[in-house]
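Quick one: the structure is below, questions incoming.
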Amino acid sequence: MSELNIYKPYLMRIEKIIDEAPGIKTFRLLFVNEEEGKNFSFKAGQFGEYSVFGEGECTFCIASSPTRKGYIECTFRQAGRVTTALANREVGEIIGFRGPYGNIFPLESWEKKSLLFIAGGIALPPLRCVIWNALDWRERFKDITIIYGARTVADLVYKYELEEWSKRGDLKLITTVDPGGETPDWKGEIGFVPTVLEKASPSSENTIALVCGPPIMIKLTLPVLAKLGFKPEDTFTTLENRMKCGLGKCGRCNVGKFYVCKDGPVFTLAQLNTLPAEY
Amino acid sequence: MSEFEPKIVAFVCNWCTYAGADLTGTSRIKYAPNVRMIRLPCTGRIDFMLLLKAFDQGADGIIVSGCHPNDCHYTAGNFHARRRWIVFRSLLDFLGIDTRRVYFAWVSAAEGAKWAELVNLVAEEIQKLGPYDEYKNLMSRGIE
Amino acid sequence: MEIERKLLKKGSLGKLFEKITASGRRILAPVQDGENIFFKEVCSPEEVAKDYIQTTLSAKSAVFPACEKLFEYKFEGREVKIEDRDLNFKPTVIFGLRPCDARSFSALNAVFSWDYQDELFKKRLERTAVIGLSCGKADEYCFCTSVGGGPGDSQGSDILLTQIGSGDYLAEVITEKGKELVAISPELFEPAGDQDKEKYLAKLPKQFELKALSEKLPGLFNNTELWIEQSLRCLGCGACAFVCPACVCFDIQDEAKRDGGVRLRCWDSCGFSLFTLHTSGHNPREVQNQRWRQRVMHKFSYFNDRLGVIGCVGCGRCSRICPADMNLLEHLKAIAEAGK
Amino acid sequence: MEELRKKARELLESQAVKVIIGYGKGSSDQARTVFIRKPEAVDKLIQDESCVQNLAVYLLKPEVKALGKPAIVAKPAVLRTILQLASENQIKDGELVVLGISPDNKLIEFPDLKAVEDYVSGLSFEYSDADKALLEKLEKMDRAERFKFWQEQFSKCIKCYACRASCPLCYCSRCVVECNQPQWIPVAPHQVGNLEWHIVRAMHLAGRCVNCGDCGRACPVGIPVHLLGEKLAEEIFKSFGLKSGTKVQGEYALGSWKLEDKEDFIR
């Protein structure tokens, strides 16, 4: 059984493939072994090692919500050897999955708080997992705001869900594209995420901010959040590092003495500020 | 004991030897079916690592063939290849890898018969040498 | 368990080897190979190298091999079948292991049994017994006493032999496994009487204060000048990590052919740039001084904070084989004095 | 030695160079590379038989380049390396000062690389006795014995890449072993992976290696990998009359060709 061999992945069958954007796909994966599927559970923010047998493993988050049972979803960009092999897989083929690894977004402890999700480009998947989780427990939270931007309209992922979210009354969705990335019928904002955030200026009172995006976006968004009054311990983000085992053994994902795969990938800004400049 | 069928991989240049092999076919000349041809633009593009991979994937014999000197579609591909094979062959020999299993030839687009002779000769020689177990036995060694 | 002190005659080593081999165990011992000494499988004491300070490679590969199968898989059409590997490894006795190397197994074990249990490693370690050999002499690279060890330290050994004047061995039976080995041929282990073990051990004064070093290191993280100065001549190969008995970092690689393949675990080193290179091209540790800093910080600060064990046993191998003569002990002393 | 130190002090004081790459006292009677940046530290420089490492490996290292224009202490092997690096457009005249050291440890000053070329052309290159003996032994072996010899050697290889790291001519920013699309050479140190790595390394250095021997010295498990370079250098000189590291604008054997290149195996 896989508990004995901690490197042995679950066998997963690809049930659905969605082409989100150029080079970006979403897979819905079912457990080949139902038994394993039933016993499998995870929390928002955790990641896994997805393997294409013969090519290797790659690391990204579980994009579906823990409240949705029986399957997991992942979204990835075709960039390296394994993701290229993944992108060539077809529905019905078998890939491997090891996990869940890493720590979580402490969603349960945010009852009665408001949630502000800020995502850029392909970094929406880690937050999408939390968003759907929060929406399935909608009554526990005050208001939910989502600010999501990408370089161009075509680069926006989960377009069908953005539609669905924009129609819901119980959350505020602001989508934006970088200047020049808009299309003629684009109705959303035009501008970089930090500027759109400043314009929207959601209240930081009793609010948790979750930020995920390319380093440049994080760098420019954090000061805006601070200006809006968000405290570092209420600002959450995820760190990415090269990983091979995901189990705190292979020794490569450390930032200072913290292993991103065990002490992360979710960190508060307060924690990030204590980390040495090595990420 | 099942008759040993040698696996021969042929790296051939598209303009001459591949066309030559076509000619062999169209002139109904029979030759040993053990050869698996891989077409490359020019012998100049046939990297020595391709030969290593061929042995790695279980080949017992390798043929590398392309245009005669001065016939190269890219004028100097075969000249570069010639120098490469002189150096690579001496390295293989120095390391003790069986260079009798690696054949180099110039076969032009008109030499259909020569291609057939070459393949038959190589198939026969490799048949005598038997499978390249020395290299195949390396496969599992060194993995605990 | 109470350490029993026995005497093992020099002449009865042959018999001991025979009995151990007969009991279905293989024996790994240092064997001379040109200018180097490697741990190889031996049958008789004659094959064992004599009169040397330390082997070239550590015995780490007995429990954490350089290239190891995690599992195999077969492709059947679009289906994949995973085949677990068999874990009943042949019981092994490592003979002639220096006390520093014997201590390194606990550093390896600290990682492999922290949080997730690595059964592969633990099974190999469980099947491995250590007959250590104390150090009669040391060279300028050794610094076991500075990292909590010693030329006669028994930690990690199941039986520790110390060669005394007559050439016979004072045998300290330390663990249950040691007792099992003695039980195979009890007649070879006679009562030891009083032997002054210290007399036959190398004299190795402490070179630096470990505690002070570990506490000082975090503060030096941003002292780029120091790390550049130390690592200017470092060439960025992986030799120091691969000869090191306490280096644990590994890589996972897949190798497959048409009908199936294998997932391998192999040694890796923080000295390589690929170790932390992101697919996007970003590399948190871009240049060699950051990697040298990682090597020192991991072994003397992070490892200790997380697992309570120091990631170095002071065997000196990394400095003996370094092509650029990066002398770890010298650098540690420089760090200990930095800012004094 | 005194001449060298005096010259080094002059260069540093006159700001002609920012760093002297030379040899200093190392551990247990070895020499190690030192990077002298202050005039008063030139006394650290030593010059004797223990100084063997090929210092040219540091000429292309980013952190050393960041120190500014170097002067490099250059024994014959380093001089050949400098010429080969110049032929491969990695260094140019005026980017470094060459402090030549003759085989009998005398200081020679070279105004430019052309002077280095003329000096090197006068030197003869000899294999060490150990290398000669081993090469002869290998020559006498038949193919199967040579295969067994090299397989035993390569079975010791732990893929630490010290041979690559210590070679001044292995300066690719991303080595073929580090490319995984496709993964030409297996990463794992198993028997096939080791054999293919050493073949690729030898071939990529064919016609470039200047036989400084550092790869063989750097190997922690003592595999005589420098013999591969020596054997190919011999073959290339015999077949094409070309020797690497002898000219400022040298010709790369595998990058050029002649109509009348001779061979006896192409059918």
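Chains here go by letter, A, B, C and D, matching the order in which they are written, and residues are numbered from 1 within each.
Criterion: a contact is a pair of C-beta atoms (placed from the backbone, for glycine too) under 8 Å apart; a residue touches a chain by one contact, two chains touch by 3 or more.
Just so we're clear, the structure is a prediction, and the values are computed from it rather than from any experiment.
Chemist: Can you list every chain that touches chain B and also touches chain D?
Modeler: Touching chain B and chain D alike, sorted by label: C.
Chemist: Compute the centre of every chain as the mean of its C-alpha atoms, then state which one is farthest from the centre of chain D.
Modeler: A
Chemist: Comparing the two chain pairs, does C-D have more C-beta contacts than B-C, or is it the other way round?
Modeler: Looking at B-C and C-D side by side, C-D shows more C-beta contacts.
Chemist: How far is the middle of chain A from the middle of chain B, if each middle is the mean of its Cα atoms, in Å?
Modeler: Centre-to-centre distance between chain A and chain B: 50 Å.
Chemist: Using mean CA coordinates as chain centres, what's the chain A-chain D distance in Å?
Modeler: Each chain's C-alpha centroid was found; their separation is 48 Å.
Chemist: Please tell me the distance, in whole Å, between the geometric centres of chain C and chain D computed from their C-alpha atoms.
Modeler: 32
Chemist: Among the residues of chain D, which are close enough to touch at least two other chains?
Modeler: 188-190, 193
Chemist: Can you tell me which residues of chain C touch two or more of the remaining chains?
Modeler: Within chain C, residues 67, 251, 253, 255, 264 contact more than one other chain.
Chemist: Please output the residue numbers of chain B that touch at least 2 other chains, ranges allowed.
Modeler: Within chain B, the residues that touch at least two other chains are 142-143.
Chemist: What are all the chain pairs that meet the touch criterion?
Modeler: The complete list of chain pairs in contact reads A-C, A-D, B-C, B-D, C-D.
Chemist: Chain D touches which residues of chain C in the complex?
Modeler: 33-36, 38, 56-57, 66-67, 139-141, 228, 231-233, 235-239, 241-243, 251, 253, 255, 264, 266-267, 269, 272-274, 287-289, 319, 321, 323-325, 327, 330
Chemist: In their shared complex, at which residues does chain D touch chain A?
Modeler: 180-181, 183
Chemist: Could you list, by residue number, the parts of chain B that touch chain D in their complex?
Modeler: Per the stated touch rule, the residues are 48-49, 52-53, 56, 69-70, 76, 79-80, 82-99, 103-106, 118, 134, 138-139, 141-143.
Chemist: Using the touch definition from the top, list the residues of chain A that touch chain C in their complex.
Modeler: Its residues touching chain C are 4-9, 11, 51-57, 79-80, 83, 92-94, 96, 215, 240-242, 244-245, 247-257, 262, 276-279.
Chemist: Which residues of chain C touch chain B once you look at their complex with the stated criterion?
Modeler: For this pair, the touching residues of chain C are 61, 65, 67-69, 257, 262, 264.
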